[in-house]
Structure formats: structure tokens, C-alpha cells
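Dropping a structure here in C-alpha cells format, bear with me for questions.
All chains are identified by letter, namely A, B and C, in their written order; residue positions are counted from 1 within each chain.
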Amino acid sequence: MNKLHKSLKINTAIIKNQFNNDDTIRYRHFNNQGIDYLLMFIDGMSNSERINEDIIKAILENKKIVFKFNIIKKLEDKILYSNDLKEITTFEDMFSDLLYGNTILLIEGQNTALSIDTKGFMMRSIMEPPTDRITKGPREGFQENILTNLSMLRRKIQSPNLKFEFSSLGKITKTKTCLAYVDGLVDKKVLKEIKRRLKKIDIDSVLDVNYVLESIKDDKRSPFKTAGTYEKPDIVASKILEGRVALFVDGTPIVMTVPYLFIENFMSGDDYYLNYYFASFTRMIRIVSFFLAICIPALYLAIITFHKEILPSNLAISIIGAREGLPCSSFTECILMIIIFEILGEAGNRSGSGASTALGIVGGLVVGQAAVEARLISAPMIIVVALSAISELMIPSVKGSTIIFRFIFIILSSMFGLYGFIIAFLFLIVHISSLESFGMSYTADVAFHSPQQFKDSFYRAPWFKMNTRPVDMSEKTDRRE
Amino acid sequence: MKGKKILSIILLTFMIPLLCSCYDYSELEREILIFTLGVDKVSDGYVVSAETLDASDYGGELNVKPEVITSKGDSIYEALSILDGKFNNKVNLTHCELIIVGEKYAKEDGIYDILNLVYEKNNLRFNTIFTTTYGSSAEEILMSKEGHETFHGFEILEQLSKNKLFSDNSRAYKIINSIENSGIELTLPVIKVAKSEEKKNFYANKIAVFKGDKLAGYIDDKDVNYYSLLMNEKNSIQIKMKEEDNLINAKVSLKKTRTSIKNNRLNIDMDVNAYIESNEKKTTSKEKLKSALENKLETDLSNFIEETQKRFKLDIFGYGYHLNNYKEKKNNQNWNKFYENLNRNIEVHVTLKEDMEE
Amino acid sequence: MDKLSTKEMTSMMILYMLGTAIMTGYTFYTTPHPLYIIISFLAALIPITTCTIIIKNNKKNLFTVIDDSFNKFFSKIINLFFVIYAFILEIFYLRYFIIFTKNNILIKTPVIITTIIFLLLIFLTLKRNIITLGKLSTFLIPINIIVILFGILFSVKMFDINNLNSLLTLNMDNIYDNLLLSIILPFGDIVLFGFIINNINKNENIKKSYSIAFTVSFILIMLIYFTNIFVLGFPLLLKVPYPTFITVGLSSIGTYVTRMEIIVAFNFFITTLVKISVCSYAAMLGLKHIMNLSNIKEINIIYTIIVFFTVMILPSTINKLLLLLFKFKWYFLFTAFILPILVLIISKIKNRKTT
């Protein structure tokens, strides 16, 4: 918290000592009317044209104004061409502004410096995020620069009640973060709670929103996430309008919203831009596929090893025919197949887009056809595991929990049959019911409180029926269209 | 903290049995699934024959075909446990849909012992079908010829389902009620086999009558039609008659029956729909046809019921069970005696129809 | 968030009352006459109304009300009565469930393992009060009702109305014994809900909650009862210990979906879980009050271990289990019916004295 000295030499010495081996920092000395100036900026982060035109040229070509008293004031009010200017008195503020792309102007004899906004670093252009493709609707996606993201959000909600509160996280990276909410809609308790939790974060670096997410989670060991992550401004805007709080982190296009409910895992932006019958149908399919992906291999395994009486006689005969002479037991087959399918899926993700289709075909051919013909694995098991793997692709937001629970289900089913399956299922439901997200229960929208609350959970009601905000989330519960 | 540690150690020691679990785990192809069971009594014991699946791998090519396994013992349970022992305790009776009880066994020992198998855990189902034999043993029915490919049990089931004599009354859960309730006696379908050079043919058009749980006799072939008409109201039967040198084929179905017992008389009042299928000479009038049908039905039914009264002395229709207000109903022996001496009064009202509704 | 709502309370009550009746369809302690079922339902209204009257004004726990009404010594004894009542019910229902599992689902697995796993699940459910159980019930109740109706729907084709004949000529001996048993046992344990009702939100209506629960469970149980009678018929219904299991096992959809009885086992699992959790929670609350502890967590594990050891000692056939249970009939009558009325009277007298 060292304050600036009046002497330019001393200030320069301190700064050059701090940035000893850093050659990207440029120092420009110049003199005007007998006063020494020092201009500092980082090459590559500042816009050179603006520095030349708006600062150096403005000062050097100044002939009218005399700098005897109130140099800083006169520079601010009459000389410098800039839309964002502020005075700084400490080295810490100077360094943080300098490192973000601002230009610092030090003046001989003054213990105040000027920080001028001349940001000009290269950014990715706005494009559709690859993880959240939709068929109809806006295709903008967030970017790595926090200010651009905030501007995109501001364009969606042009209301004076939309508030942004900046702070910074990370001891070394000092990443800028911003909390966005609509004043009057948001639940004050949630806002207070998230601010309290953010203050408690004590890590060196915050490079992505996931670092923050895992530090402020309610139940740290649960595989389900209790805060949502989105990449599109229209979705974040709709969440904020329901009373949630959004957290932007500089350097990542992903934005976090709290509180987050279980049913939001199955929602997608598409639902609101398409016909409500189709949207309701796809949403129900997503919920069904979550349970399919977890339950089907376990159920199949339990039935063919413990409860053979459930099978109809013809099906039993065909499964016996398929399994005769195979080397492994059903349990080993199942685990092997799941691991192979996961490897194929990950390989498809990591390789370029051209190879993923080839991998899918190769995987299907090699594993499926050849393994069955070589009498290594039975055909029904491949069908079951493939169905489970395809269902998992429908809901990428719960991928981690699907994998974990699928293994738990398989292990319990192979040890205790359908008794184990029921135990695992109830354990899953108990776990989901006991989760909380910033004071709200995780299963708030799933409970059957009233038809109005139910209108946006398992299916999407048409817009003319959605008359109230979801209960419990915001302070106001009156009509909204 | 110490308390928690001690408790967690205790809990872990209790978890150890979990690691050596999977007591009930068994692969599907390593078990013997039985689809049909046959039970016989021979001179020196009991023989159990079962039809199962043989899915062996003949050098890479899979062949699924039926196989019959047998075992012999001093009682049914011993024979079954010997069967378990032959195949390493992996015999699975839960897929068994049909049980064929040999004639001698049903006559001398009764089917109660086999019925008790349904109560045991993981054993026979409650909707297993029981049948008996006539003139052959269960083993002969199930025994396979060289190179036959179809399951005998499934063929028999198909024959049974096509036959109108078969109803749910021959399933285990109904049999238990029939045996133990007073006022009704058990009847089961009978399977006959005709061997030929190429394949076996199964016939299921005979009915066996039981007294309690023991076989008492068989219903005559000519009366089997009327049995199906009285027992199952949804059936329709074919009747041939000769009226004034005119051969008539009629299809008859029951619309409504009212039975009552008053003053030692059994009164049956039936409404019947009839459809004349073929009429050689179209000379006879409708009224004559109608009255001829009514007379024939009345006499035939009366003779049939008389036979159950006099020859079997058993009430197979359940008049004692369905009709109330009789002290004799409570005690089975008295009811059957009472039934033996009932007079009959049967009235049939026929309505001729243009088209027969099924 | 820390309080239950009416819907959660209602669904918990419905699942609690369905309990073992889902498997038997009637009061298997007595002869299956419909009169006894109606008497059981009507008799169960007594304890629940007394409990709600006691708690209505101040929404305190029943244990604290007892503490206020009586002096120290008597209040501890009365609390102990309720705790032992909950404990006995819990071990009985747990043993019944374990016998069912051993006989029908997992035959060779030792009973110890199934008990341990089930108790673990209950422990996890009760970790954070009774709120998790409420949310679980709201999620599971539609599944439960759909499964029951599904099972009944597909058994309709096997109905035989003549089976009702024998119902009217049933043996009606031992009327006193049967009456007593049907009053106390199947639904009389609803009194334990008196210890949970205080968890409900201030604005919610308890009367509505239990009136809906009573009607819904009555309708469902009568449906199950009549389905069993129509399908199975009379000597068979008295011989088998799990009639619904067999009825749904006989039904089928076409020829391919047969033996659907496993869904009845799933249903039974859910209702038993709710029942045992509620009994366990009530007993643990009582112990916490008697020993003046601050939190349930201190007594959670020890209580579960005591339950586990007691359950292992109980007999392993249903007949012997019932014989053991019936020795407590007068104790149950006293605790479930007479004690709440006593507490109500004395608390009203005390209230009048203070105001």
C-alpha cells in the first residue's frame, strides 16, 4: 500500500525494480512546459493509436493552458481525450490498472498519477458456443472478456435495476469477477450468502468459474452441481429475471448462476424458442434418459442373474443361446463394455471433429460386431450398454454424476439383485432430496405444490399460462408475462 | 473422536460379510431351466421327468434344442432333490408352465403333494397348469425322439389353448380352492398322445374328474361338449341332430343360466342362442327346429348331470358352492350324498339367430 | 426450508398408513372381514385427533408438552412409554420386512447383510431431521399409487365374483380378540405422527393433511383388499402370507410381460422405509428429551446398533413373530389411546390454572 512519491525519479526506480525482468512494459519519457512526464503501458495490451493521439499528442501540442497549479485537474478537464480516467495514489492500484491494459501517466512533483483507459488486446469474436447448440434462437455466446460479456447482458435487460458489483479473486491472478442481479427481484438472503462465501475463497488462482464453483458448493462431496453454468446471454438473462444471481469471471466465457435446482439440469435454451408440445416432449425424454442411462445396465444384470423368473420363456431361451460358451461372467462383461464405451466417447471428444464420426463407426463395428462373432461378449449386453451410453449423451450437464451412479447401481445390483437396485435407487433419491442450493432445496420445482409451480418443470406450459414467477425464489410473486 | 473411531471400526467389521456376498448370483446359462414337469408312480418308487434346454456349443455353431432329464426316488421330493444333485443344485423350476401328472399317481396318491410345491420359495408358479394322462405315463408323453426340434411342453400348451375345454380352473391357484371348498369338485384336462412315424401328436379333448385330490374317473367323450357349455359360459358348441331325415348342424351358445335348488329338486333354466349352419333339406319349419333343439338339449344335459350324480357321485359344477342356504354344503360328504339324490328339472329356451355372435 | 409443508406431511402419512397393508390387503392379524378394516380406520382417528388438539395452539413437540404438564419424574416415565412403543413397532416391522425379503427375493443371502444395508439407508435418510423423508415421500407417492392401480388394472381379467360367497360365511369366533387387535395394530400407530407434526409450517393445516391421508389410504387399501379376494378366493387367501404379491404375479400384459410382482416388492420397500424411519425418529427424539441431549446425532448410531441386535434375536417365522407381538396388546392400547387422552386432559387443566 505504498503511496506515490512526489519525485518522479523515486517512483520510476520503484516501478522498474518491481518489473525487473519484464520487457513488455514500455516507458515513455517526455517533457512539456518544463515538466517531466512518464508514460507507462504494456505492449500488446494497450491501443498504441489512442496513446499517441489522445495522450501524447494532446499534451505535447498543448499551447494554450499553462501548468503552474492544479496540473492534474487541468489535464483531466481540459487536455486529455479519454472517456475513462481516474486518479491513483498507491502503487497497488497503479499495478493492477497497468496490468489490465490501462496507461499510467506520472508527473514530476505530483504524488497522484493518472490511469487512462486504453485497452486494446485481441479477443475472440462472438460466436455460438460449441457445447450449447440449438436449432432456433439467438446464437451469441459469451467470450473471455468480462466487459464484453456484461455489455451483452446489458443489451438483453435494459433496465436501470440491473446491478453489477465488481470484486477480485485469487491471490496471484487477481481475477476480476462481477455479480449481476436485478434489484427488487433478487432474494437478498441469497445475495448476502454468496458474497459471504466469495470472501472466504482463499486460493492462488481463479482461471475458470469451476474453481469458484467447487469452493462455494453446499455439499462438497456430491457429484451433482448446485450452481448452474451457462455460455449464452439469453439464458443468463432469463435466469436473472427469475430472481437468481449471476457471477461473471474474467478470462472465461462460462457464467455461474445461483440458486440452481435439479430440474434445471434437463432444461435447454431450445425449450423456450420452439413449440411447447415439442419442447415438453423433449424435456420429458431428457428426464427419462437420465434414469435410463443409470438404471438399465443394472436392471438387466439383476434380472438375468438373480431373478430369472421375470423373464418370459422365449426371451430366456434366446439369452441362454447368446450367452452359451462365453468366457466372462455378466458382471465382467458389463464393466468392460462400459469402460470401452467411455474410452470411445472421450477419444471422440479429444480428436478433431473429422475423426469423431470415424471413431463412432469404427467403435461400433469393432466392438460390436467382431466381439460378438468372436464369442467374447454377448449381443444383448452390447445393446443394453449402447442404449445407456447414448442416453447419457442427451444430458451432458449431469455427466459426472451419471457415470458415478451407474457404477454404484451396477455394483449393488450384482451383489444383491433387485433388492440392491432398489436400495441404490432410494439412495440416489435420498441424496438428491437432501441437497440444498444456497438455502433453496434442490428439488423445489419437482414437488407437487401447485399446478402453477409445476408449469416449467417436467413440461413447458405455453407462454399464456406462465403467469407467476416460480415461488420461493424471488421476493415478488406477482404476475409476469 | 475416539468414540467415532471405535464405532467406525465396529461398523467396518460388520461390513466384511458384504465383501463375500453374491450368494444368490448365478449365470443364466449355467442353470437348468425346466419348462415342463412330469410325475409318475412306478412299482418301486416315483419318477420325475423334466423337459429342459440343451444349448451346447458344437464347435462354434450354436444349437438350442430340448432335452428330457429323469430321476427316480422314494417320494416326489426325493426325486426332485436327486435331480438337483445330478446337476449341481442348479435346477430352476420357476419357468415351469405345465405339470403332467401320471394316471396311476393321481389315482393312488393324489396331487396334493405336488400342489404344496407352489408355496415354497422360488419354486413353481401359482399359475402352473396341471393336467393328467389317459393310457400312458407322463414320461412317455415327454420322451423325445431322435432329432426332434420342438418343445413338447409348448406344443401341448398350444393344443390346450386351442381347445375349449381348457380354462383357468386348471391353474394351481384355482385348484387349491376347488379341492378345499365344499360343494365343488376338481376337474382337469387330460392329455393323450398318438405316436406316429414322423412325430407325436397331442390331443387334449378329455376331462378327468377328481374326488378331493385323487382321480376318480373320466367323462365320456360324448358328454365333453356339454361339460364345456356348462362350465364356461363363453363357449359355443356344435350340435348335430337328425330331424325327419334331415341332418342339421347347429352352433349353440349359452346366454343365461338360472339355477336353484328347491324342494329337493335341481332347477336349471337356460336361455340359448342357436345358429343353423347347414340344413340339408330346407323343409322343416323354424318352430319344429326350435322345439327339436330344445328337446335334444334338455335330454342330453339331463343325462349328463345324471351321470355325474350316479356314476361319479360328485358335484363338479359347483352347485353346492354357488348356491347358499344349505346345511349340507358345509360338510362335503353330506353334500355329495345330497347331490346324488337330487331330482332334475331342466328347461331350455332356444332363440334362432340369423348370424351367430361369437 | 426447515419445515414441512402440507403436501409432504400428507404423502408421508399416506405411505405410513399403507405400511404392511399393501402386501396383505387386510389386517392379517385377524380374520379378513371388511368390518375389521373399517373399525381400524375409525379407531385410528382417536390418537391423531388428540395429538393435534394438544399441539394445535403452540406447535411444540409432544414431548415438550408432556414435560410441561407433568412433573419431572412422571414426564420421563411417560416419554419412556412412547419410546418403547416406537421401538417395539420398529423392530417388528423391520423383522417382517426382512422375513419377506428372505423368503421371496434373496433366498440364500444371510439375513444380517440385508438388515445392515436397510438400516444404513434409514440412517442416511434421517441424517438431517425429517425433512428429507418428506421430500422423498412427495417424490415417491405418485409412483406408489400408479403401481397399485396398475397392479389392480391388470388383475381385472382374473376376477371371479363368486369368491365373495365365502366372505359372508366366514368364521366369526374370537370377536373380542379380533376387535382389540384391529383397533391397536394396523393403523393405531399413527399416534407417532404426533411427534412430527410440530415440524410443519405455521400456516399449514394439519386437519386437511390427515383427512386427505385417511381417505386416500382407505380407498387404496379397500381396492387392494377386494382385488385379492376376487382373484385368489378363500382358502388360498388365508394360507398365503403375502396375497398382493401373488395376485400381481398372476396377472400379465399379453404373453410377454409376466410375473410383475417385483413392483409390489418395490412398493412395499418404500412404505416400510417410511414407516420404520418415522418410528425410529420418534424414538430418537424421545431419548433425546429424556437424556437432555442437544442433538440427535449423538444418539443416532447407538440406537441403530441396538435396533440391529434386537432384530437379529427375533423369531424367523411370521407366526411366532405375531405371537410375540400379541403379548404387548394391552401395552399398545394403553400407550396409543389412553395416554394421549390423559396428557390432553392434564395439559388443559394446567393451561386453565395458569391463565
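In this section, a residue touches a chain if its C-beta (ideal position, glycine included) is under 8 Å from a C-beta of that chain, and two chains touch if they have at least 3 such contacts.
Because the structure is predicted, anything quoted here is derived from the model rather than measured.
Distance from each chain's C-alpha mean to the overall C-alpha mean is smallest for C. In this assembly, the chain whose C-alpha centre lies farthest from chain B is A. Separating the CA-averaged centres of chain A and chain C is a span of 46 Å.
Mean C-alpha position of chain B lies 41 Å from that of chain C. If you average the CA atoms of chain A and of chain B, the two centres end up 67 Å from each other. For chain C, residues that reach two or more other chains under the stated contact definition are 106, 109, 113, 117, 259.
Residue positions of chain B touching 2 or more other chains, listed in rising order: 18, 21, 24, 122, 125. In chain A, the positions touching at least two other chains are 306, 309, 416-417.
Listed in rising order, the residues of chain A touching chain C in the complex are 306-307, 309-310, 312, 315, 416-420, 422-423, 426-427, 429-430, 433-434, 436, 439-441, 443, 446-449. Interface residues of chain B, counted against chain A in their complex, comprise 18, 21-22, 24-29, 31, 33, 35, 53, 55-57, 60, 62, 64, 92, 94-95, 97, 122, 125. On chain A, the positions that touch chain B within their shared complex are 304-306, 308-309, 313, 316-317, 319-321, 323-326, 329-330, 375, 414-417. Within the complex formed with chain A, the chain C residues making contact are 1, 5, 7-8, 101, 105-106, 109, 113-114, 117-118, 121, 124-125, 127-128, 132, 135-136, 138-140, 142, 255-259, 262, 265-266, 269-270, 273. Against chain C, the residues of chain B that register as touching in their complex are 7, 10, 14-15, 17-18, 21, 23-24, 119, 121-122, 125-127, 168, 173-174, 176-177, 180-181, 321-322, 324.
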